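In structure tokens below, several structures.
In the two complexes below, chain A is the common chain; its partner is chain B in one and chain C in the other.
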Partner chain A sequence: MFALVDCNNFYVSCERVFNPKLEGKPVIVLSNNDGCAIARSEEAKALGIDMGMPTFMIEEIIREHNVAVFSSNYTLYGDMSDRVMKILAGFTPNIEFYSIDEAFLDFTELKYDDLHQLGVKIRRAVTQQTGIPVTVGIAPTKTLAKMANRYAKNKKKDLRVHCLKDQQDINEVLQFTKVGDIWGIGRQYEKFLLKNGYKSAADLVKANDEWIRKNMSVVGQRMVNELCGIPCIKWEDEPPAKKAICTSRSFGHLVTNKDHLKEAISNYANNVALKLRSQHSCAKQMHVFLQTNPFRTEDKQYFRSVDIELPVATNSSNEIIQYAMKGLDIIYSTGYKFLKAGVIVMEIIPEDQIQKGLFDTVDRERNKIVMNTMDKVNKVFGRDVVRFAVQGYEKKWKLKAAYISRRYTTNIYELLTIKI
Partner chain B sequence: MLKVCFFAKNISNEEGLNRLKIYHIAKTTPAKVLIFHSIPAGFPSPAADYIEDRIDLNELLIKTPSATFFVKVEGDSMIDAFIPPKGLLVVDRFINAATGDIVVAVLNGEFTVKRLLKTQAGIFLSPANPKYKPIKVTEEMDFQVWGVVTKIISDPKDM
Partner chain C sequence: MFNPFSPLSKPLLDAFVKAGKKYFVRQTYNRARDHFDQGIKGCFIFTHYAEIGHAQHHYGAISQDPNKFLYEWDNPEHQSKLNIAASKPSGYKIYATVFQRDWEKTITNQLKEKVRKYIDYKLGWKPGRGETVAFTIYVSYGELYAKLKLRAQEVRVKLEDIENL
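Presenting the complex of A and B:
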């Protein structure tokens, strides 16, 4: 049996843990750059704020109904997610971290008598320890667990746990789930299935195998098997090693000044290098890009990128920043209003498998010591306390985050403060 | 790796030093063993076989990391419970609050830190300073225990 545990309106719930006044009130969290709503409390959903609605379109609702608005605080959400996942990992050794706010738990090898009771226990543990409410769906396959979870959200609003113990439970959920709401069915397939008379998941289970394979390929066949209670979707214990690491952002304002671009791109490059070091790998190739805003049709448009082959795979900030700056020199052109830039590194290999260069003049040992020291200092005193001069302090390009909350759990200067 | 050595400046006489305990505090697992193992020549340290891990404050202060939060407090209402006007609290949400525990509570949407008293007369949030009165938690109030205070960290200068 599998469980899918997911956090309810996760980003909103994180904000509420440290701001209990928001309980029962409409709350939304905005995307990077405060562009649109990406998380909504139930109360905000009821006001008609949809997922992804641009901020300027909902300004009126926000004002009229006093909706609490937050910029996304990924430092906080990341830490809260880590706490939730660690608690979940305490219930089974086989866990798949599916996204920042959901995980699959595999109970096949464990002898739990009462899985429904276990679901209740999981929910209680996470909510008590982190303050984040979760929903639990338990079923014989991952697809059915997803469905059971959705069913719990809709039909068991108080308990928020649903376990498909027998065929009767399964049938009920299949009947309840429309084809478009099945995990893995996209818009196109939904249309196609509806056209052919399949309305609910229960209809799909009765479909002819041959027909499914012909029209929906082996993936569709696998999905139907899952609906019938036969596990077919591979279990992913460890997320596959990343093939590329990217830091790219839209700027808070359109940028024309090259120095500001330098500052932004060097910060992105440093960020990428930091990610490489934290997973003990190096990159051999790099990609730097720069673009204007395609939606501003009145502006001249520009998009350019450059690939840079690094002579020796590296994860040193100084080297990566240096090459990113060279890349910027190549792709920069005056007279444009830039919206976005990014640095991507590829061909990632483990730190200890680097092919050294014959004519390499870089003192790699020394670089390593410098980076190590820098990381340690920054770990203690805060991100980017020690930085490269080119990274600057002005941050004119910095993305908008006008309503960001504090980093309550990771920064000693931003702790929750209580007047007693 | 951050090493901090605490010592008291004012005690200089022999007796004072004898009374004074000096702990080395390690932030993470220190690299002390490596030092002894990496000396290729010279005399082996007679202490090499007796090395123990340095005291780790994290281990001492945090029992359930995923449920532990740090909270700052300002105010004197808990001064007799050794919470100074500016204190740092270790709050564990894993623990079920019992009567007598100092808790972080949410009362009508506002955070407070008080001693929880469950009596026959009802639930009270009791300050530890005669200047303030206990609060009786009534049914109309929106009340919730957010976490239990397990450690109080203070700077002597703030006392």
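Presenting the complex of A and C:
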């Protein structure tokens, strides 16, 4: 049996842990640059604030209903997520971290008699130790666990735990789940299935195998098998290594100055290099891009990108920054107000499988030692404590985050204070 | 100016509605303007959307346009105005953001020359022998854009910037 544990309105819940006054009030968390709503409390959902709604479209609701608004604070959410995952790992050694607020637990090899009770225990432990409310769905497959979780959110609002013990429980959930809500069914498949008369998961289970394979490929067949209680989705102990890594951001305000762009792009390049090193890989190709704001149609528009082939695959920040700067020199043009820039690395290979160059003059061993030392220092003393000069300190291009909360759990100067 | 779009017509409007595109954003369309034609009171272009959110995004992006309007087909008053717009009212040139059939054939030598000039002077690209710069046109928020690609580089700019060189 598998469990899917999902934190309820995770970002909002993180804010509420340190600000209990927000309980029972509408709360939303905004995306990068305070662009749109990406997390909503139940009260905010009831006011009609949809997922992804741009901030300018909900300003009136915010004012009228006194909605508490927060900029996203990923440092806080990342740390709270780690705490939740550590508690979950205490229930089984087989855990798959599916996203920042979701994890699958595999109980197949463990002898738990009462799985429903176990679900209640998990929920209680996480809420007690972190303050984050979670919902638990338990079922014979990952897809059914997802559906059980959704069922618990909708039908068991007090308990927030649902276990599919027998076929009757499974049938009930299949009946309840619309085809569009099945894990793995996107908008196009939803339209296609509805057109063919499949309204709920229960309808899909009855579909002819051949028809499914023909119209939805083997992936669709796997999904239907999962709905029938046959586990078909691979268990991922570790997330698969990425094939491309991207760091791109919209600036907090429009940037025209090339030095500011240099600062931003070198920071993005360093970030990408750091991600490469953390998964022990190197990249052979880099893509650098720059663009104006397409929503400001009154402005002159310009998007330009360049692909750069690296002579030898690398994960060293200094090299990646150096090539990113070359890329910027190629694509930069004066007279434009830039909104966004980014660095993407591609052709990623394991760091022990690099094809070295005959005429390569870079001292790679030395670079490796420098990067290792830099990463260790930054891990202990904080991100970017040691940095390249080009990364600068001004960060005039920094993301807009007008409503950001404190980093209560990771910064000694931002701890929660209470009055006695 | 280069104008590859189709005029808005009743069959086109019906086709949009049939396909579920029930939101229309109207904006000024200078590409249709003929400065020698004194009888023209206005030139507009209509962009069709299936989702109100996308239409609102477009509407928000043209905040400076005094002629902007967001029509909803299900609103009877808007529906009647859309039907009038599709009936080719005299004194107005109204287009839809749908490329005409064989629009590529309408690219003039003058525009081709401007593109060459842009590649040469503005981008500084020097294609080698046998190499070609890929040139495509696309539309975003009722505005024509050019996409140019050579080897590892790609540039997207308003077509107007090339035309005005």
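Points to keep in mind about this one:
The rule we apply is simple: the second predicted complex is superposed on the first by the 352 of 420 C-alpha atoms of A that agree within 3 Å, B and C clash if a C-alpha of one lies under 4 Å from a C-alpha of the other, contacts with A are read in each partner's own complex, and residues count from 1 in each chain.
Please note the rule applied: contacts are C-beta pairs under 8 Å (C-beta built on N, C-alpha and C of every residue); 3 or more make two chains touch, one makes a residue touch a chain.
Quick caveat, the model's predicted, so the values are computed rather than measured.
After alignment on the shared chain A, the placement of chain B and chain C results in a side-by-side fit free of clashes. Looking at the shared chain after the overlay, A:Ile369 reaches neither chain B nor chain C. In the overlay built on the shared chain, the residue A:Lys419 is in contact with chain B alone; chain C does not reach it. Measuring only between alpha carbons, the smallest separation of chain B from chain C in this overlay is 37 Å.
Across the interface of their complex, chain C is touched by residues 53-54, 56-57, 291, 294-298, 300-309, 330-331, 333 of chain A. Taken in their complex, chain B has these residues touching chain A: 1-2, 64-67, 69-78, 83, 88, 93-94, 104, 106, 109-114, 127, 144, 146. Residue ranges of chain A in contact with chain B, taken from their complex: 20-21, 23, 82-84, 86-87, 128-131, 376, 380, 408-409, 412, 415-420. Residues of chain C that touch chain A in their complex: 53, 56-57, 60-62, 64-65, 122, 140-141, 143, 145, 152-158, 161.
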